[in-house]
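There are two complexes below, and they share subunit A, which is joined by subunit B in the first and by subunit C in the second.
Presenting the complex of A and B:
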């Protein structure tokens, strides 16, 4: 690794660390600022004051907020997010996250791969058929795809493909650890519901990028050298159009997470999203904070990954 | 000597509008044809039409288009493709834009060489080609990306790619327009070197009559999509016959002499859709006379010389 590349890596790691710290601060204090008392939420509105005081002491709620934050963040770094306030026996939050994260990751990747695969195909066909029937049809579909809310699409899919024609289960989820086939089958409808609006955006971006690159002078130069249409398309047109395409996919990952949270509720999938929603209803703030922090880390890491990928794709970004 | 490329009555349409009309070309191996005219006179599209690389919306037709003994007009696009690069190649105006930004110079040369040789190691050939066009440290340059090289270096590398294909005809479309003066002279020197080394025919498109004079054997002067004068370069420069050619040469002389007042051709190029009837240069011509409103044929005035003008002196 050249010294310049090394310094860039260092800088990037520093920025990542700073962003994570800032994000952790926001996550923690936003929860603190939220109305409602977790002790009362856990013990009931009419709990006896001694019990409430004991609960507060047990969960460090009687300490100054800054000390609470320091305790929380130092624990989080070690993977210790405290214990759940509501779930039976005060399950360690870290354990909850560890059991739910793979489910959410599976659904998320499933949706991402579906969206990327479909949009790659649709974007290329639309660009090559520009102005003709297929392009127009796909453009209309894409507009529809962007306009449909994912939870609504989820119910529509369940109605047609699970209830009317029982191809897929309408509810619940088989863990990929138990059966990969079962996971792919039971995860299909939720993944499609999340992927459809994203695929619509991705394919529009790819189509526009392809049409832009097609008119670059180097494409004409490649043709003038006698290279065949397939060669020119793959090495010059598609290869360059991938740069904005991958960038946009990276930017969309946060919407993907938002979609996962909603869709897990719709389909009753025991992932991080439903954990977070349940925790929010129960005012189980250590769980909410831990979920939010996990989502934050996922977004930051994917951004980093996309950054690295874009650097691989575009030598000009390596300067 | 039989001609390399013969084109009769080439015309290019943009929908119903005729952009280029009645262009006849004869190109011989070892000879350089300079094509001159203002921007928009149809020089570039004429050459793109030869390579069948016209942008969408433009269509070309010709009464005859013969490469050596092959009738190009009868070939499908697929059948024509082998002629591109291997037989006729083109150096474009913008060297920076001519390179795929995500691929190395080595990739560009290797893929160009792939069109020619099968199996032989490409790297030594590529290094030699780059060295021959005056690129220092060719071995290191192969690993470079286009954005790491200057415009002049890229134009040399592009020329190396074209030399790699060993084409019979090399078209250069204002290859020095985007380069500064010193680099321009270097690239022109490189072209002169190529003219000596290769037995190819050259077409050199330029709006600069001074450059055309340096490098061409014959000239083709275009105005508003028509050939207005053609003939041996020396003869035309010594005694231009068409009023437009005279205007161009007067302007160029005034520029080199740094005259106080620039001799300029008044008026501007007509738009392709709004071409005047008769002689297209008539509205700008200082010596227009009765008879100029009739269509002018390109008429021979001396061996190898023709003008599209009824002027007789």
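Presenting the complex of A and C:
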């Protein structure tokens, strides 16, 4: 690694850490500004004052806000996010996150791979068949895909597929740790529901990028040198169109994760999203903070990954 | 409408279809609940969960309420929430973005970092978080949608303003001693408005999905107010006994959003000549 590249990496890591800290700050203090007393929310409005006081002491709520923040953030760095206010007599939040994160990661990756695979095929076919029937059909379908609410699609899939084809369960989820095949099967319909709007966006971008690259001078040069159409397509056209494609996939991950949150609830998948929604109902502040922060870290890491991938794809960005 | 505009509209099939569907949807949600022989809230325990027929085009729900009337009334509320939210985010975001671009320095850097931070949260997670902080309900859904769109408009208007700041007509206004606020509002804003409007039209479609998603989970608009998310959530409750409520409501919503998205696509082709050429036949 050259010194310049090393300095760039260092700078990027610094920005990442800074954004994470700013995110932690915002998440914590916004939550503190929320109306309602978490102690009363957990114990009930008519709880005895000494119980409320004990609850406040136990969850560090009786200290000044700044001290609470310092205690929270130093714990968070070590993976200790405090204890849940509502779940099972105060389960450590870090433990909850650790048990839910793999499920969300699995579903998210599953949907991402489905969306990327389908869009790669659709985008290429639409671009090659430009203006013909297949292009029109696929492009129209893509706009429809963007327009359907993903959670509604989830239910329709359950209604028409799961109830008729016994292969896919309509509710519940097999953990990938227990059985990978079972997880792939039970996660298929939710992943399709999340992936559908994503695939539509991705294939539109890929089609536009391919059409843009196809008429560039260097592609003409490649053709004039006598390379076959397949060679030119793979090495000159697709390779260059992949850069905006990968960039958009990276940008859309925040929408994909939003889809995961809703779909997890629809299909009863015990992931981070359903944890956060449950916590929102229970006003379980430590859990909501930890979930929001975990999602933030996932998006930031994905952005970093996409940056690195684009640097690999685009020699100009390597500098 | 001038002849030129009409010709553009007829020449661009995407724009035409999008505007037509959007127009029908807007007429439907404005006048539909008035024309309909039913009341969105009125219960009728004789006609409970009847499948779609001539008198109830989308059937009735578990309280015997006409689903079509409810969808139109709910569409009105969801569209209103999304429109206000996007307007809120667009107005504040554009003011912030334009003035940041004008002043430069730490103000610009600060705003862009704040936008980067908001962009790093999954959009729905940000909205969900805001609902917890603010409390559930229609007004807070509007604020949550606005906050999700604020960074998008702030960044877009900042970039557009920067690209225009050194144009001769802006320099001329500056030399004439006009105040910055006036230059931004009179010289620059009209030039970037079309791009902002395209973004807003797509934003309204996403805002409706966001409202529906939040209310579907029970974190947004609260029943008995019939928003689209509330109706869809209702439909889920008795999905086995009356699948048409959820299925058809979602289908109507999808078609409405399709119209909005096509309208956005068509407007984008129109405002971006580079895309107009690449958009195909």
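Points worth noting:
Quick note on the criterion: the second predicted complex is superposed on the first by the 315 of 319 C-alpha atoms of A that agree within 3 Å, B and C clash if a C-alpha of one lies under 4 Å from a C-alpha of the other, contacts with A are read in each partner's own complex, and residues count from 1 in each chain.
Criterion: a residue touches a chain if its C-beta (ideal position, glycine included) is under 8 Å from a C-beta of that chain, and two chains touch if they have at least 3 such contacts.
Since we're looking at a predicted model, the values are computed, not measured.
In this superposed model built on subunit A, subunit B and subunit C occupy separate space and fit side by side.
By the touch criterion defined above, A:239 reaches subunit B but does not reach subunit C.
When the two structures are aligned on the shared chain, A:306 is found in touch with neither subunit B nor subunit C.
Applying the stated contact rule after C-alpha superposition, one finds that A:23 touches subunit C and leaves subunit B untouched. In the superposition on chain A, A:223 makes contact with subunit B only, not with subunit C. Of the two partners subunit B and subunit C, more subunit A residues are in touch with C.
Between subunit B and subunit C, an angle of 80 degrees opens at the CA centre of subunit A in the superposed model, to the nearest 10. Of the two partner chains, subunit C is the only one that A:296 touches; subunit B does not reach it. When the two structures are aligned on the shared chain, A:314 is found in touch with subunit B, with no touch to subunit C.
Closest approach of subunit B to subunit C, taken over C-alpha atoms in the A-based superposition, is 13 Å. Only residues 19, 22-23, 26-27, 30-31, 33-35, 130-131, 135, 143-144, 146-149, 151-153, 155-156, 159, 208, 211-212, 253-259, 261-262, 265, 276-277, 280-281, 283, 288, 291-292, 295-296, 299-300, 303 of subunit A touch subunit C when the two sit together in their complex. Chain contact summary for the complex, subunit C toward subunit A: residues 113, 116-117, 119-125, 127-129, 131-135, 205, 209, 212-213, 216-219, 232, 236, 239, 243, 246-247, 250, 253-255, 257-258, 260-262, 265, 278, 280-281.
In the complex of the two chains, the subunit A residues touching subunit B come out as 216-218, 220-228, 231, 235-236, 239-240, 243, 313-316, 319. On the side of subunit B, the complex with subunit A involves touching residues 51, 53, 81-86, 89-90, 92, 94, 97-103, 111-112, 115, 145, 147, 158, 161-162, 165.
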